[in-house]
Amino acid sequence: MASKMVLPLFFVFSVLASFSHALVQDFCVADLKSPDTPAGFPCKKVSLVTEKDFVYSGLGVAGNTSNLIKAAVTPAFTAQFPGVNGLGISLARLDLAVGGVIPFHTHPAASEVLLVVEGTICAGFVSSANTVYFKTLNKGDIMVFPQGLLHFQINSGKGGALGFVSFSSANPGLQILDFALFGNELPTDIVAKTTFLDPATIKKLKGVLGGSG
Amino acid sequence: MASKMVLPLFFVFSVLASFSHALVQDFCVADLKSPDTPAGFPCKKVSLVTEKDFVYSGLGVAGNTSNLIKAAVTPAFTAQFPGVNGLGISLARLDLAVGGVIPFHTHPAASEVLLVVEGTICAGFVSSANTVYFKTLNKGDIMVFPQGLLHFQINSGKGGALGFVSFSSANPGLQILDFALFGNELPTDIVAKTTFLDPATIKKLKGVLGGSG
Amino acid sequence: MASKMVLPLFFVFSVLASFSHALVQDFCVADLKSPDTPAGFPCKKVSLVTEKDFVYSGLGVAGNTSNLIKAAVTPAFTAQFPGVNGLGISLARLDLAVGGVIPFHTHPAASEVLLVVEGTICAGFVSSANTVYFKTLNKGDIMVFPQGLLHFQINSGKGGALGFVSFSSANPGLQILDFALFGNELPTDIVAKTTFLDPATIKKLKGVLGGSG
Amino acid sequence: MASKMVLPLFFVFSVLASFSHALVQDFCVADLKSPDTPAGFPCKKVSLVTEKDFVYSGLGVAGNTSNLIKAAVTPAFTAQFPGVNGLGISLARLDLAVGGVIPFHTHPAASEVLLVVEGTICAGFVSSANTVYFKTLNKGDIMVFPQGLLHFQINSGKGGALGFVSFSSANPGLQILDFALFGNELPTDIVAKTTFLDPATIKKLKGVLGGSG
Amino acid sequence: MASKMVLPLFFVFSVLASFSHALVQDFCVADLKSPDTPAGFPCKKVSLVTEKDFVYSGLGVAGNTSNLIKAAVTPAFTAQFPGVNGLGISLARLDLAVGGVIPFHTHPAASEVLLVVEGTICAGFVSSANTVYFKTLNKGDIMVFPQGLLHFQINSGKGGALGFVSFSSANPGLQILDFALFGNELPTDIVAKTTFLDPATIKKLKGVLGGSG
Amino acid sequence: MASKMVLPLFFVFSVLASFSHALVQDFCVADLKSPDTPAGFPCKKVSLVTEKDFVYSGLGVAGNTSNLIKAAVTPAFTAQFPGVNGLGISLARLDLAVGGVIPFHTHPAASEVLLVVEGTICAGFVSSANTVYFKTLNKGDIMVFPQGLLHFQINSGKGGALGFVSFSSANPGLQILDFALFGNELPTDIVAKTTFLDPATIKKLKGVLGGSG
């Protein structure tokens, strides 16, 4: 009798499930070749999606910290990891060599949680009330940085440090303060008026950071 | 004097209303031929939209319950009813013959309200705390099933039952537990490890539900 | 050996599930005695929640249509059905006697889908572009009314009509045009200036609808 | 030594900033030629965006108030000002000559704040509970009109009045009551049934406002 | 016969409207004495709400620009104007004397539109890609600043300037760069490491801005 | 002259910043003693908030895997880590001993990204279309699991495995399939009807998992 059931049951579930196939928007793997929208990229066709779209291996490789800040950020945002498109989440890897620093920056569109996997990191943020909240984090500690606020991370240990940061957006954005102020063509006198720094300091940093004006 | 008013008043309102025409996004009838986005399908041109886009008659027809579960689900989601695209709401029809059952399932993207129109339905859901909330519903009763939780509906009366379910999304998704576990190629040993069911049971259900592996 | 497994397995799942108990916000049954918030009412304690909080029987009773509009609306919003609080969905029942009318109204905070369960209803809405979309609906038909737009329902059949409406909010609001214009103390001259109706018409309707001024 | 730093520091920040370039969705200037989506228009390519996309001068010009309502509304919504697409904000200018009136209307998709820049405006709205909140506003006063509710503005001073309104949406919509009721082809008998106005009044206003039926 | 209609019609609408009264959450005037929530403050009782809750006159008064930046910001956020609570919109007034500057700052939780009412303002913002978008704005011009990005406003004319800014949040937040970096107790060496400024510059600005460490 | 500037500049910024203090809702550290709301817990007073509220050390300790599934989940959700309240993000730690398994489960309110920090994990999810996406992940790999879908993680390596999961909600919920089906008092005949499992299997698992009925 069980064998008699097989076909009808299969049929039933096919009926029940048939509209699922047509409707699936459980996910929306980004078609990066199409123009973006305010809610994210249009979706790749479901029939072309494979398990590879949901996995990313780029964070397994240490970033190059042979640079002045002795640090590197490796993102897994929509552009690198199209599977997170529309899902409100993304990750990045932080490598900090001895003395490494991630300078003051903001993410305009996301809150962040830092997880320390190796080493010791001094991290902090400044609130709208200009209160500073900062603390030295050890392996296994996590710290949250609320959306849009200036924050930093410094390797405060004797060896290298490794962290992973999670964001509450597939596309959190990143505005590095020094680069925003000095790494473009905004005229020195405007920077001076709007930062209270003297023109000489500004011009020096513009030179270092590739800005002009 | 009234006739003198006609032109100016008409003119005024034309001015007032002119920008409305260009801006209308009161609704966004889905253009199902375009690729989906995380917020729904692109909109059909307003000039092509008619009252028919906002009406759907497919729920007026009973689903075929001549199957093992003696039940049928007829959806009016974006794919069937493009007028709800972007509006955060959709409906479906439930037909349950005597003994009919809608097995355990979830809607990943929506809460649901069931309205019993005919008959008696025993319905319930399980919370994250694993508490079961279930109750026998009579004609006119409504029950809410919070987003993403496992729930079921059983015809517990002596005749047929008819219900309509509303969702808090134009595209609520549907994951039927048995089909998700047994209706695909997920290897039996993985199913066994992740469900605590024995391989024989799994293989039997895979056979019934069209799965393999 | 199976008996040996019982305790450890139970223990495991207890561990896995223990944090669920503390965290459960699968739902948030409204505590209507607390002050509302922009996101809905504070939640009733989970330990006090029962299956009754998720079921409402008030829509099973026909509304009283012995009135001038020969119609009645029976809501199941947060205030009547606290189980929908925070879940983005609610329902209402429409009873329309022969000749019954639900006059022009809006829901400021929700889109609506009407399901006709008995009879024939002529329903329509007006877009921001002032286009009217209206259609006669028969049993089983559904029609969507996008958020915030003026819409109406008229019993256009020879017998009574019964409909159920679903909303994309637990608290959709309801602004009935005539009542908004004429059922309060807004001075007649202001109503006249802002509606182009003549004062006599306004005063008459104010009298009928309980307004003054 | 400072000169030695230049290249590496520039290199560092280039690395840090390189993924920003690819990911930027700080903004999404509307490509108005593409079809709209429920979340707004697709984005213009970042490489084509200039500062002009974020500035609009159309509100600097007074609207033409030589009309019956002696008032004009000049919008800066997505269609006029594509830079606000996806950013949840837009503006409009209100010009009211002596005796000018913005008749009862709603914005289905946004709350509004009115700022009086010149003159005196009597403004008000009606809640779902049919309570009227209205007040005379002077230069510098602001008033908020919650989403989707009927509201009006009247020049109640002896000279002209100028206001600017802000909306909580890039595309707030606008439904002017009289135009919605009388400026289209909705049959007079339906308007009569759904507004309690008599057919003669309706036909007269239809004539004035360009409606028929 | 009309007189016979009066009572029933009034009765009808009372029935229709009765549930409105209980359900009204068209608005949620902030009860600032209660603790805030992630969605805004709990609501003042509707019975205590008056038209005064929806109007604010504080922006009618010029801010005091007798200070070093020759500028003043006067907010109308939830704390000053409780009527906007939960409505996703707020305003502020900018007064800029000759030479006045609103230094670089961000709003972590809102996009902003600036309207120039008097004078000439040079305004700009920096994107995540470090591109600067800036432009000189004249009376009547508006400019949008996307959420979370660094931006500034400078009086670039020969007389005073007056602007009003609108935000896409009732509580946009405000982080003034100089104050965030130098107006608190963040140790100088941490500021130096995270900004590339030299300690002497930092200590000088800390002194000026009231910071220590 | 610089010393003359000190007071006015400090004064200026105090003025600019003064309203920030009153308005700060950059964050909303949960006051767990107050009743929850649909948007999260009410906020702890800002004056009582310290840097400790934004840091959590509980994920630095390995979970106890001496149990049948040889695995442990350690959450850092709002209940454990009140600093994430309202910020749309949270984390958890996964410890999997050799042979360890996180059985099929869903998070009703969040998407998840898994980061493998040690070992090898076979992870997968099932879509609404019943397609299985699963893959073996090595150290440094990340995988995304879209909201509300059934998913699992299995230690497929020869040693222990360690992972961290991030969620797009401060309170993602957790519904473990076996516990939901068998760890409560839902009657065996209902479970049988709604899962197609035979009563003997159900009763056995109920015994193991602490359920009854």
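As written, the chain order gives the labels A, B, C, D, E and F, with residue 1 at the start of each chain.
Rule of thumb we're sticking to: contacts are C-beta pairs under 8 Å (C-beta built on N, C-alpha and C of every residue); 3 or more make two chains touch, one makes a residue touch a chain.
Quick caveat: nothing in here was measured; it's all calculated off a predicted structure.
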Contacts common to subunit E and subunit F (chain labels): A, C
Most remote chain, CA-based centroid, reference being subunit B: E
Subunit B onto subunit C, rotation angle from CA fit, given as a multiple of 5 degrees: 180
Candidate from C-E, C-D or B-C with the same interface as E-F, over half of contact pairs in common: C-E
Chain pair showing more contacts of the two, C-D and D-E: D-E
Subunit B and subunit D: spacing of chain centres that average the CA atoms, whole Å: 34
Cα-centroid distance, subunit D relative to subunit F, in whole angstrom: 40
Cα-centroid distance, subunit B relative to subunit F, in whole angstrom: 27
Numbers and ranges of subunit B residues touching at least 2 other chains: 17, 20, 23-24, 26, 34, 37-39, 108-109, 124, 127-128, 130, 134, 146-149, 173-176, 178-179, 183, 208
All pairs of touching chains, each written as two labels joined by a dash: A-B, A-D, A-E, A-F, B-C, B-D, B-F, C-D, C-E, C-F, D-E, E-F
Touching residues (chain side subunit B, partner subunit C) in the complex: 17, 20-21, 23-24, 26-27, 46, 49-52, 54-57, 59-61, 76, 81, 83-84, 87-91, 110-113, 115, 117, 124-125, 127-130, 133-135, 137-149, 164, 166-168
Complex contact set, residues of subunit B against subunit A: 34-39, 63-64, 67-69, 71-73, 75, 77-80, 108-109, 171, 173-176, 178-179, 183, 204, 207-210
Partner subunit C, residues of subunit D touching it in the complex: 101, 103-104, 106-109, 122, 124, 126-128, 130-132, 134, 146-150, 152, 154, 173-181, 183-186, 190, 193-198, 201, 205, 208
Subunit D partner contacts - residues on subunit B that touch it in the complex: 2, 5-6, 8-17, 19-20, 22-26, 28, 31, 34, 37-43, 45, 85-86
